[in-house]
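Consider the two complexes below, in which subunit A is the common component and subunit B and subunit C are the respective partners.
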Partner chain A sequence: MARENNMAVPEFLREAELLKQGAEARVYRAEFLGRPTIVKERFPKRYRHPALDEKLTHRRTVQEVRAILRCRRAGISAPVVYFVDYTCHCIFLEEIVGSSTVRDYIASAQQSDSCKELKLQRLAERVGQVLAKMHDEDVIHGDLTTSNMLLRPSPEGGESDLVLIDFGLSYISALPEDKGVDLYVLEKAFLSTHPNTEELFEKLLKSYKASSKKSSAVIKKLDEVRLRGRKRSMVG
Partner chain B sequence: MTVVIGFEGSANKIGIGIIRDGEVLSNPRRTYITPPGQGFLPSDTARHHRAFILTVLKEALEQAGLKPADIDCVAYTKGPGMGAPLVTVALVARTVAQLWGKPLLGVNHCIGHIEMGRLITKANNPTVLYVSGGNTQVIAYSERRYRIFGETIDIAVGNCLDRFARVIKISNDPSPGYNIEQMAKKGSQYVELPYTVKGMDVSFSGILSYIEVRAAQRRFHTFIILLLSLQETLFSMLVEITERAMAHCGSQEVLIVGGVGCNLRLQEMMGVMCKERGAKLFATDERFCIDNGAMIAQAGWEMFRSGQVTELEDSWITQRYRTDEVEVTWRD
Partner chain C sequence: MRMHLIQKLELFPDHRVTQMLFKEVKNAAELKKSAMEGKINGALINPTMLVDPFQVLVAANKAVHLEKVEKMKTRTLYSEIIFNLSPTNNISDAFKRFGISDGDDSVLIVMVDSKDESQDVSDIAARVEGRQVPVEELSSLSDHTKIKKLYKVTPQEEKCGSLLDAVVCRMATKDVMTGLLPAPLLFFGHSLNVPFCPLEQFKC
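Right, the complex of A and B next:
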């Protein structure tokens, strides 16, 4: 790769608007090829040993893009990948304009009084369906949280589109164990971020079971993984 | 003025500490150290604690310059931890509480670490990384509970280090983790090891099996390269899940507690991560990182002042006691 090309993306980012610095990457907003774009830059983590950092960062960039493409091919909503730069580990993605996170949706629904139950139940049902579809494609998200699910308002004013994002820890696997752990990660994130929503999560799982063709083995594994946490010896 | 005495002996350290309104008056401790290649077994550990506990109790009172009458409450570790040592210590705590006519308080060991960390560092509302031989959790306070955001799905990070130290027969004096840290400092080469982060959780059994095999194969002519690589990998995983929790909670403070928190390389790495996010790192030294009695006293102080008491019939111990099981009545 020619030296001059290394500077193109960093220079581009200098003009872009920094939206946030997540745990994994810096996220910018810019315009690319005339479209609103999100650029996800996995910057070097200086706390890591350089060899470890390069390996990890590269692997995560590749896995993320691969998982997004696989989801999209299966009809699951995920951002379009416009461009990837593997030297500076930047992914150029479609910006889901006007969206809000499922996390914010749940929080605001819990505050309001009108149709709170109905709204949340419907949401849980839809999340279960989307996750079932994703797991049936053997895509393990790896970092399922309510901050990694967006609701994109529909132009016609109908039900909003549920979009999955942040596939940075994702990988391909057919194992029920991996899918069970994927749901376990969501359960933990869900219950710790939104206290007293155990019933809501059960609804999510019910919907998952109903929509997935391979769910019984996965749910069985989920129950096992849940017990593992409980049974662990905690000495010292 | 409230004076609380705390008894801690859930693993191989027996410690008794006295706290008066946020001041540590005394905090003596003894550690059961086994020969290289051996871990500590429950019955031997309990025997060790039985042999030293009354001496340590005397020291605690003398160093604080107090008499039993000056104590307001007797706190002890209810769990989690090893059964036999926990029983030994609880028995003494129950006895002195009855002898002195003072109320008892059963304290969660993990919360002891957290409350001591908060007291010493004055951190306001940090994301807590609790790492020791028995526990590895990322904790954040929310609505009267210390919620576990991320944890190990198999063994604790300290357990991984201690077990590898046993395999290559590193001395357990003063602790295997300390000796690993000193040896790793001498290294400069790094080799790739399995890295397992699953969302907010981590897994260490895979990397342990991997390095045990490599050590047995004598792939490298010293173990230093493995020790350095092991620390770099393990600690990177811990820093990563801590960072995730911080990003998720919008937190700007990190507090490291637990024996593995003494490790300066871990503190250094966490410090770099914090600096890059504009967050603040809080850590304590070996007096308070490592299991000690004062931390139980401090948690007991908080619980006692918020009106909690443990009746004699409820003063049992338990090996499994989740951090989020306790209602944190002393915070809003």
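Right, the complex of A and C next:
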């Protein structure tokens, strides 16, 4: 079996810096082909049947890679994919050097008092625009949080670029229902991470509505989802 | 000053990738023939389809990986490097676009050496009737219009990253993008994996 005799990546990762360990994957930082790189490794889950585990892990790796490419083709910034190893389910991605998460940006803007309103409103507008574009491409991110959005400083010193990351739960769907749930997940995460930002999130949604061609059906679904929660009722 | 670009592969520490660029090449047809006969242990690439030496490094890394896990789509490491550069899964198409043609006046030679098999770089360089230039000059030879068309790079995409980013992303992900191709194309691409590939340049 290929998984056993291919030790190159596991050996490489042993020397790499572990950044984060989640339930689904481990994220490392390393230099790859001379460039600063992030490696996302989906490790085997022992609690699952091996055949099922292999299939699920493979499919998620493929979905992640596809969503990144689809976003980039539409002009939405996402990390460049350098290499994918389907035998040990590792994705080698461009490291967004010098970036900070939108989460940290909002938190520090809330601390400081100089023109924070304007800065935060501009950011909310930008996020709304990017998500509208992503949903118009029928990409559902699946895990929208302010930690999965990065701000990359632009080289010319202008407005920084919003980069979406972690497409591990993403999939392709044109259903307003799925897009509505995507926004609902963000709303929950946004309001619980950043207290007293209801107005800011409203701004984000307003910008989403203005930018997306198909927003009215999505917002209608969002209102429905808010009443019933993320899971669709199975009654009847 | 050294003209070749030598880079190590972090995943395969005993492998090194060497790139050499030649201009004003007069014997492209002869070089191509030697490569097909297995006399040149390297990949001969048409530099106009390359944006940056990094593109070749990505292709070489993937080729070495696929060789190790026994999942190569072509017969040799060097044909696999050429195949990996292409955005499609059509092998003959990859050779037509990324391999050299008889009349070409520039060529990029890529060699991969490992501990058990070191290559004589100067021996291969001596076969080329042309002028060796630093590999960095590659960018002056690349045909961006043709590259954008072949990789289907959209204008929006260029706003969020470089052409090299777009190209590398497609190379790295092409194996899972087959699902997006129409079925007949998929069938055709796979049918070329059989041993009688018409443009199999490199034989062992």
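Note that the second predicted complex is superposed on the first by the 216 of 236 C-alpha atoms of A that agree within 3 Å, B and C clash if a C-alpha of one lies under 4 Å from a C-alpha of the other, contacts with A are read in each partner's own complex, and residues count from 1 in each chain.
Simple rule for what comes next: a residue touches a chain if its C-beta (ideal position, glycine included) is under 8 Å from a C-beta of that chain, and two chains touch if they have at least 3 such contacts.
Note that the coordinates shown come from a computational prediction; the quantities given were computed from them, not determined experimentally.
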May I ask you to decide whether A:84 touches subunit B, subunit C, both, or neither, giving the answer as first, second, both or neither? second
Going by the contact rule set out at the top, does A:55 touch subunit B (first), subunit C (second), both, or neither? first
Quick one: classify A:213 as touching subunit B (first), subunit C (second), both or neither. neither
Does the superposition put A:73 against subunit B (first), subunit C (second), both, or neither? second
Is A:14 contacted by the first partner subunit B, the second partner subunit C, both or neither? neither
Would you check which partner chain A:34 touches, where first means subunit B only, second means subunit C only, and both and neither mean what they say? second
Does any part of subunit A touch subunit B in one structure and subunit C in the other, and if so which residues? none
Subunit B touches which residues of subunit A in the complex? 21-23, 45-49, 51-52, 55-56, 142-145, 147, 169, 181-182, 185-186, 188-189, 192-193, 195, 225, 228-236
Residues of subunit C that touch subunit A when the two form their complex: 7, 9-12, 54, 57-58, 61-62, 65, 68-71, 154, 156-157, 159-161, 165-166, 168-170, 172-173, 175-177
Report the residues of subunit B in contact with subunit A in the complex, numbered from low to high. 10-12, 79-82, 109-110, 132-135, 140, 142-143, 145, 147-154, 156, 158-159, 190, 192, 195, 197-201, 229, 232-233, 236, 239-240, 243-244, 246-248, 259, 268-270, 272-273, 276-277, 291, 319-322
Subunit A residues touching subunit C - in the complex, by the definition given at the top: 2, 5-6, 8-9, 12, 30-35, 62, 65-66, 68-69, 72-77, 80-87, 92, 94, 161
